[in-house]
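All chains are identified by letter, namely A, B and C, in their written order; residue positions are counted from 1 within each chain.
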Amino acid sequence: MARAVSTERKLVFTVIGWSIGLLMFFPILWTILTSFKTEAEAIASPPALFAFDWTMENYQAVQERSNYFRHFMNSVIVAFGSTFLGILIAVPAAWAMAFSPTRHTKNVLMWMLSTKMLPPVGVLVPIYLMFRDFSLLDTRTGLVIVLTLINLPIIVWMLYTYFKEIPVDILEAARMDGAGLAKEIIYVLTPMALPGVASTLLLNIILAWNEAFWTLNLTAAKAAPLTAFIASYSSPEGLFYAKLSAASTMAIAPILILGWFSQKQLVRGLTFGAVK
Amino acid sequence: MASHHTQTAARMMIAPAVLLLLGWMIVPLSMTLYFSFLRYNLLMPGMEEWAGFLNYRFFLTDPAFFAALLNTLLLVGGVLLITVIGGIGFALLLDQPFFGQGIVRLLVIAPFFVMPTVSALVWKNMFMNPVNGLFAWIAKALGLAPLDWLASVPLFSIIIIVAWQWLPFATLILLTALQSLDEEQKEASEMDGAGRTSRFIHIVLPHLSRAITVVILIQTIFLLSVFAEILVTTNGGPGTASTNITYLVYAQALLQFDVGGASAGGIVAVILANIVAIFLMRLIGKNLES
Amino acid sequence: MGQIALRNVSKSFGEMAVIPGLDLEINDGEFVVFVGPSGCGKSTLLRLIAGLEDVSGGTILIDGTDATGLPPAKRRLAMVFQSYALYPHMSVRKNIAFPLKMAGMDKAAIDTKIADAARVLNLTDYLHRKPGQLSGGQRQRVAIGRAIVREPEAFLFDEPLSNLDAALRVNMRLEISELHHQLKTTMIYVTHDQVEAMTMADKIVVLHDGRIEQVGSPLDLYRSPDNRFVAGFIGSPKMNFIEGPEAESLNAFAIGVRPEHFGVSRDGGSWKGTVGVAEHLGSDTFLHVHSDSIGQVTVRAAGEIDLHYGEDVWLTPDPDKVHRFDREGLALR
């Protein structure tokens, strides 16, 4: 707004804005706070907001108890692995569609996006059986394969849109300047596409980290990432809220931080260009 | 750009992605289709026999199916209602200048990035638990009896949890669309004598209608497959009170080992999703033209 | 050096024949302008010469060698794009150095060349900046600098001035012409603006629907257009075309009179008309006249003319400057 907004109006919205913000964020805040309480404090009534004895015992307990580290690494490997694999397959495809389009390009792209709309239960049974028969159940490899396939459409789509934003005449100028294909890619295309690739990487790592269908159904104790590990806390064992909070905080912290940087990518990647 | 060898090279570069996705589509899906016509239970392997449309008949006449269908529609509808209206509200709010707006925006967006199992468990244990949860404490402080949310209103509770997660998505999309509204259009209407409410109804809302449609279509696709939140809180219960189609198929496949029945259910889910997908694809297609 | 020949060159995109087949000779050192309306194929022709598009048929010879199959990098041509196409992630220095780096030149030699080019183009103070920090005119010069350092056989310009504002356009036009006189290298320049064509070219190629309508020096095209299209395209404001009895009386299907070739009088003349909109620029006066005998015509008179909306006026064409055209639009001589 080019016109000045009255301070009064600003203050009113500040109050409303912060109330809503804190309300939405409250569950996360509460989880983080609870992770520093003792189990007794965690279920104390009245519940304390900040005034309690802060302790690190839950973080210790979670680390010691249940191979938390191992599940964390599973999440890391599966999220990063599937995203990198996806990018490897997607970059040439997106490159070709962006720079050598044919009249089929649009249809191919839309078809790829449509595969993302398949409900996973539609293929739950055969995938489960195939994984069982090929000994892929409860393996990180198996998960990486599935997550690569379900995120591939989004990776291709996002890279395509970023590549399309590179003006063709800059690449042509490189060609006129004597650059062969390899040099054109190395010196001109890659530096210009890098931010887009990084954004795609970021969003898809987040989506893969948080995926909660295949990671729950195709894994057991060994390859379970954090999504499944946390799910195992679902049967009440009483007096474990603080530990649950510690485990949860550790599970969501990296993604919360990454997520805050990827808002724009979220819009681009998940609305398939329907919103500008 | 159009020389002959670039075209063959291009085809080779697209091939892996296309082949993989084609395989991912065709192979498992046709297997599901095939299984849906078999009588196949994992507990009795080797006794599969052709069952024609029997599985479909059982599945579609099972009262659990109707309950699941209804729950799916309620879940999707409920979440859409909350997220679209809330999203518009939040978007309008975040479009206003105020102190600390950037931080508030981060606070509002955060829930989308929390993994579904964590969200569900946090809500289940720390808010909705009738003994130790915060809601129980608030109720007691107000002199009311605490509600066992997940036992008495399981579907509603899940709607709240899922809506909390998706509200940021709707907000972001609508905020992006809001900020793309040409300032000059608003100024022109102001010169034409339109007050703030008029401007909202006649200029802002129509502009947002496209984004709202996108939000509805995309969220519907994903909401049809809500799973983790149900698994971790109510396991579809009590009875089938919070079972949706996705959970029903899962239960049949991995809990009752009824491959045939679950496959039929899977195909039904695919058909449902396809209906929504057709509309979404048309919208995307129109945008790709530009 | 810098001699380019096109023999029966054609280009089709799928079913659509954009350029059916044309021949053209460009001599060393010439400033050739391809001009024509939007969609006439001039940019396509330029890109065919550059190697950015493959020909569908015919041959392109550069200095006598068949370059038809050569990729752009090997043709020793330099191109200045309409959008300048500067590398946004590189500084001005690196932008200009890029082609030399691709050619494998050593650093010392590169630095010398950059210094020279920067001096000629007034870019010495901006070498460290990135394109995003430059004005439109400065970016233009960087694009030209990048082309100059390669010492190409010929420069190709693709509507380089269309993104600049009017005043800047006039300046850059002069700079480019000045550059041509200094370097004496062949330049092929594409534009839709016939003023640019007339002021800068040694030779103009007028294109229409992928065909060459006429090739000649600016004044050749002005004085002796081969057909109605060229006659109407060259010269601003456009030539007036008159059909009907007035044309028949001169044994033509249509006659053409340029706005500047009318004599204007209040008292008498060949054709009577009423003044419509009158534009007074001080240096010239443009009168839009409606006449029953010759229809709507535009008249250009030198200096200040005291004629206004609604007044009567008599027009007389300069008899030597009347162009006659037959039914097909070809000029009758």
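Couple of notes before you dig in:
Going forward, a residue touches a chain if its C-beta (ideal position, glycine included) is under 8 Å from a C-beta of that chain, and two chains touch if they have at least 3 such contacts.
Remember, predicted model here, so these are calculated numbers, not experimental data.
Comparing the centres of all chains, each the average of its CA atoms, the largest separation from chain B belongs to C.
Distance from per-chain Cα centroids to the pooled protein Cα centroid is smallest for A. A separation of 16 Å divides the Cα centre of chain A from that of chain B.
Put simply, the C-alpha centre of chain A and that of chain C have 54 angstrom between them. Per-chain CA centroids place chain B at a distance of 58 Å from chain C. Residues of chain B found to touch two or more other chains are 1-2.
Residue positions of chain C with contacts to 2 or more other chains are 52. Taken together, the chain B residues at the contact with chain A in this complex read 1-2, 6-7, 9-11, 13-14, 16-18, 20-21, 24-25, 27-29, 31-32, 35, 90, 93-94, 96-101, 103-127, 131-132, 134, 137, 140-141, 164, 167-169, 172-173, 176-177, 180, 183, 210-211, 214, 218, 221, 224-225, 227-228, 231-233, 245-246, 249-250, 253-254, 259, 262-263, 265-267, 269-270, 272-274, 276-277, 280-281, 283-285, 287-289.
By the touch criterion stated above, chain A contacts chain B in their complex at residues 1-2, 5, 9-11, 13-14, 16-18, 20-22, 24-25, 27-28, 30-31, 34, 42-43, 45-47, 89-90, 92-93, 95-97, 99-100, 102, 106, 108-115, 117-130, 149, 152-153, 156, 168, 206, 209-210, 212-213, 216-217, 226-228, 230-231, 233-234, 236, 241, 244-245, 248, 251-252, 255-256, 258-260, 263, 266-267, 270-276.
Those residues of chain A that touch chain C in the shared complex are 167, 169-170, 172-180, 183, 187-188, 191-192. Partner chain A is touched in their complex by these residues of chain C: 50-52, 71-73, 77-79, 81-83, 85-89, 98-99, 102-103, 146, 150.
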